[in-house]
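Note sheet for the following structure.
Every chain is named by a letter (A, B, C and D) in the order it is written, and numbering of its residues begins at 1.
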Amino acid sequence: MRLTDRGIYWVLATVLAAAGLIPEFRSLGNLANVATQSAALAVLALGQTFVILCGLIDLSVGQLTGLIVVLVCDVAAGRDAMTAPVLLLALGLGAGSGAITGLLNNRLRIHPLILTFGTMSVLQGIVFTYTDRSVGRAPAAIAWLADGRLLGLPVAPLLVLLLAAGAHVTLTRTRFGMHVHAVGGGRDNARRAGIDTDRVAATVFVISGVSASIGGLLVAGRLGVGYPHAGAGFELDAIVAVVLGGTSLTGGRGSVAGTVAAVLLLGLTNNVLNLLQISSFIQMLVKGLIVIGAILVNQPGGRRAFA
Amino acid sequence: MAFLEIRGLSKTFPGATALDGVDLSAEGGEVHALVGANGAGKSTLMLVLAGVLSPTAGEIRLAGVPVAFSTPRAAMEAGVSIVYQETSALPEMTVAENIFLGREPTTRLGLVDRRRLYEETRRLLDRYHLPLDPAAQVGRLTVAGQQLVEIARALSIAARVLILDEPTAVLSLAEQRNLFDIIAGLRGPRLLILYVSHRLEEIFTIADRITVLRDGRKVTTVATADLRQADLVRLMVGHEVRERVPLPAPAGAPPLLEARLTGNPPRLEVRGGEILGFAGLVGAGRSRLGRSLAGLDPIDLRLDGRPVRLRSPADALAHGIVYLTEDRKREGLFDNLSVLVNATAAALPSLSRFGVVRLAVERRAGAAILERLRLVARSLAAPVRELSGGNQQKVIFGRALLCRPRILVCDEPTRGVDVGAKDEIYDLLLELARQGVAIVLISSELKEVLALSHRVLVMRDGAAVREFTGGEANEQDVLLAAMGSLPGAA
Amino acid sequence: QGVEAARVQETVATARFKKAAPYRVGVAAGYLSNSWVVFCLQHIRYEAARHKEISEVLVTDAGFNPGKQVADIEDLISKNVNLILYWPVDEKAIQPALEKAVVKGIPTVNTGGGFTYSPGTVANAFIDQVVLGDMVARQLFKDMRGKGKIVAMLPIAGTTAAVDQLAALRTAMKEFSQIELLSAEYGDWNRAKAKQITENLLQRHPRIDGVFSPAGQMSIGVAEAFEEAGRLKEVVMSPGDEYNGWLKWVAKHKRGGAVTFPTRVGQEAVRLGLRILNGEPVKRGLAVPSEYISPASITRYVEPTRPDDWWASTLPEEWKPK
Amino acid sequence: MSTEAERPRVRPAAIVSWLNAGWVERSAIWVVLVALLGVAALCSDAFLQPSYLFNMVRQAAPVGVAAIGVTLVMVMGGVDLSVGAVISLAAVVAAVLMDGQAGNIGYALAATLTIGAAIGFANGVLIAWNRGSPFILTLGTAVAVYGLTQIYSGGTARGIVAPGFREFFNERIGGLVPVLALLFLAAATIAALVQRTTRFGRSLYLVGSNPRAARLAGLRAARLTVTTYTLSGLLAALGGIALLARSGVSSTFAGRGFEFDALAAVVLGGTTFEGGRGGVGGTVAGLLVLFVAFNLVNILGLNYNVQRLVAGVIIIVASAAYTYLTSRRLTESRLWPSHHTSEGAP
């Protein structure tokens, strides 16, 4: 890890320190809020970390999240008995959608940006064909997952920690993780080294799909209803978090910890700007400047677009 | 039945036939060399064997069994391992990770066993005396270092066939020798080594038999013992190569270029019309010196006796200093752009007027220089990545010439170039010198340095250790100086 | 007609929200990047300034993201506001967060274009979109003399506005058997998009007699497309709202008119909130009525020297957006 | 004693390249466009009417003009996601400066273009002297510029378009070709020429293809980066003016999402994130593919939701067809997605 790769932690620490000066910020409840609010984005960003590390990109996760939110709430309709079925439904749908994207990626050989731009549009069409307004209700267990507490600690951040740890171990300690890095670092060379690059790519898209499932469950639990626009824009926020976290958009270099730190940074920024009562227009400017500042400090890669 | 039996193998690319019905048979236990001019089809043949390319037609049998590798992995599993001509290591990963990529040792939990990974790498590197740090990031190694990683990787695969595609082109003497030792040690009845090189001395040293390819067809297979080098050259390029005439040194004109050096001599001086050769082992610092002359690193420099500061290669070019890189893949080629655009990339200012490129002038200039270098390409508009390695080298050499240099710094100018074209490049260098260009020649082919240079400067560990003038340089002394054991050397 | 009268008329017990001044008022905006909302917010600020018991107005902007609006409401609660005014991105989605506020004794007032009946919403200061849609539809049908083929241009699919307006149109059509709805399109409150969609509608349908478009901003785009196709004469434009660009169009063409979507609803919301904080009993819904402005009387509303993206309002000059 | 092997075997004529080096690849996206138009014409005869087709070009003009700049940036190996925000800002600023007075038009347009160029310049400077990811950096610029727009305008799109301004741009020459459409096509043609024949254009490809090699070849990448991003900002501002001309003052977010339409068009047109390939011609075709797709599903009268779905499928199929046409270049057996191998490059 190079020094510049740690930029995000410095930025995060600075913002945290500055935030500490605001009295309301220091309450534990507020901190738990920030962590809970950021959970869904964090999960999506974890999935996107795999995809981007592999040198790919997945724009479809936002709408996939939306689809899952709508389906989970509508199918469950608030009934607790439906918890297990909708969990399976969500995970199955996410994995299935990811598998299809992976398959199309390997077969059609379209740039993943265009491919997932297309699947994003298709998924959006499906969501809105299904419903154009909020439907159903999330079962209590899923609401608990998103908003509840376990032994006094908020559940969603715990889940994120668990998933992040899993993702970290997978990426750094398993053969699959190394292959993800390798394929991202140069797919022709990885293939020459005997790696089945197609399989790695497909798996990575499945992981991204599953992360959309979990993210969708968290959003469903938090909103309580199946809001069809629920996932809009998540894909971009996730990509921003991943890249701010030091993962190179060309693939091959990056880390889970950086992604998590970047998600926290984004969540904190929102929270702090709100607490400071800054007008939302100025907030927008400040957020833009923070993103610019963070990427300048962090510098995850070369001078390329996708770096 | 032969150990490896290839029959009627053909490979066509859109617009080019790289292999055209090649037959080849080789035995276990032999080192079988493959030679031929640039673009003859050697690499293509090796890539087919390694499962990277699928053949258009033909059959391959290994130990009598027909094989058709659809992926490199399949070839690896069948015991075919390869060192590619162009390095294929992953720059973001460490040496150890690269060597065992796809075959990482795991613990019982299914996690990668990092300790074993590094231990095994260490053991492998020690066994073959490869000077690499298992934990180093490959992207930070020199080309030579990367090549050693490739070699280590190929060696770590218990192979039935070991393919080496110009392994020595980027290595310098010590590594070359080490590699030959390794090859000698590996020889055994169950291993076939296929060896591609343009360095004929090497081939005569290690190969048992030689197959000559020309234009994608096999010319012949002969036993090394039955052949003289000159015959081989004739077989390859269809004519004989002249001996170089040593040059008269230019009379005591003032130096065109001076630079401060560490060590002895403390200064580098080159006169117009002079060729200054650099010799040294890998990592001796010759390339770094060349790069600073190109404006990539700061250096104390005088041009025509006046101090100048170069802040960028653009500055250097403006002063007439042209640098030909040794790392053609990473900082030489514009992979996806056409041959012509690659050749004229550095000469655009002189080829354009009011910011508009004069396309016809550009095409004429590019075509002229590339023809002179005997470029083999299906068209000037073909992407340069389609060219064989040697032809790519000719393109970037052509690029340097098109800049009309006053001072030409060539780092490994003939890397991967066939004997015929080498000949041409030597002629061109001599001609430039005759026209008054000052030439700095960095090369790991000692013969080349000795044959062309007026003076030879030997470097070791980043410092100059000795300068030989005129006829005083010979292979033995230069080598000893480079390795630091010649009495009188600093 | 309109939303169920019984619920609107229901009396809210406000004793538990009673509090002594000064008050901090929180505004949880679902979005601010829209000129109607900007005017509505100015009305809120203006009204707040007229009450010295209001010490502060805190505004958050969710930027169309319901998740962020939930977070914003939580932030407002943790800042100890005494009253929350809001307009939702999605009303169902923020109910749990609003309920948290209500449980903590913070009254919540829905402000804008829809009535919400739910434990998280203490009261509503609202414009009835169903009534508005109905008014627009009937005026259109009247101008069309009760028959012909129409297209509908609606805002973002799935929003309350789009859903209620379409429902009102369909209901009204039941009484007009000779009106035929050719197509309902969603122009996202976007003038350029409405224009592009209409360009295609014009290709698809050789004859369009009327356009149902309650949002003036989109009506302009629609009308332009008709005009460029040389088919403006054949069509009857429905009333839009008091969007200044549309008012200018009406003034110029002397047709269409407007059914208002009053921005002063923001002011009413503040007053309503103060009554709750005083413990006065209030109705669950305070409807701010829409009015029809005929093309003839449009000149009293249109402000020709103001931008298109502007609203005819009762705001004093110094409180109008700068 | 000259033998066959000795003769150099370069064929210097460019004609050979036309026959040989993949004109199919180069024009693949146009082939796809024509095919799609054919299908569209079967579905609705609107696609056979010149006036409708030119209307479509006019619709595409605001995004299209900006996409030209994005193409140049991406050929150089960068990317510019701030164009949507610049379009929005430009539309607002131009209208405010016009203030309903025809006499202000010239000054308003000049000032708007200057502001666009200044934002591009800032992007360029930040990217040239840092190694931050342009993707994120320009996204950050976009957010900041939206913030500026909001602060400047207070949330309502202030400003009044001058009389004559919109009329001029929407005037149909010969009763057929709108000035706006013509301007877009002219801008694209000029950009295509610049890219093909100038040193600047050539430098974009060289730096995009291999920045390290370009540096060694004496190119000044930092300067080029600044110039190109500035140009992109300028063209985005021009796109904003085009948008204002097309639809009048509408909102402070009028250009929101345009950056992704532009990006999709550019990538569909064969310019990649890796840089060094593609070009403006492909972008125009890619953009038209997108607009034909959206208009087709719309004109078919499909339900809005189904429109999204079908548009997505069309994008994937068009792109797959395009990749199929160009994939003859693929040499390693069954590699990965080729990420487009077309050689729009010189």
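By our rule, a contact is a pair of C-beta atoms (placed from the backbone, for glycine too) under 8 Å apart; a residue touches a chain by one contact, two chains touch by 3 or more.
None of these values were measured; they are calculated from a predicted model.
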{"item": "A-C compared against B-D, more contacting pairs", "value": "B-D"}
{"item": "Chain whose Cα centroid lies at the greatest distance from that of chain B", "value": "C"}
{"item": "Inter-centroid spacing, chain C versus chain A (mean Cα positions, whole Å)", "value": "34"}
{"item": "Averaged-CA centre spacing for the pair chain D and chain B, given as whole angstrom", "value": "41"}
{"item": "Averaged-CA centre spacing for the pair chain D and chain A, given as whole angstrom", "value": "29"}
{"item": "Centroid spacing, where centroids are CA-atom means, of chain B and chain C in whole angstrom", "value": "72"}
{"item": "Sequence positions of chain B contacting 2 or more other chains", "value": "52"}
{"item": "Chain D: positions in contact with at least two other chains", "value": "150, 154-155, 304-305, 332"}
{"item": "Sites on chain A at which at least two other chains make contact", "value": "128, 132, 188, 191, 280-281, 283"}
{"item": "Chain-chain contacts as defined at top", "value": "A-B, A-C, A-D, B-D, C-D"}
{"item": "Partner chain A, residues of chain C touching it in the complex", "value": "29, 32, 58-61, 63-68, 70-72, 74-75, 78-79, 89-96, 157-158, 162-163"}
{"item": "Residue ranges of chain D in contact with chain A within the complex", "value": "73-74, 77-79, 126-128, 130-137, 139-148, 150-151, 154-155, 211, 221, 225, 260, 263-264, 267-268, 272-275, 303-313, 315-316, 319-320, 323, 327, 332, 335-340"}
{"item": "Touching residues (chain side chain A, partner chain D) in the complex", "value": "4, 104-106, 108-115, 117-129, 132, 187-188, 191, 197-198, 201, 236, 239-240, 243-244, 248-250, 280-292, 295-296, 298-307"}
{"item": "Sites on chain C touched by chain D in the complex", "value": "32-35, 37-39, 157, 183, 185-186, 189-192, 195-197, 199-200, 203-204, 217, 220-221, 224, 228, 245, 305-310, 321-322"}
{"item": "Contacting residues of chain B [partner chain A, same complex]", "value": "50, 52, 71-73, 76-77, 84, 88-93, 97-98, 101-104, 106, 110-112, 114, 153"}
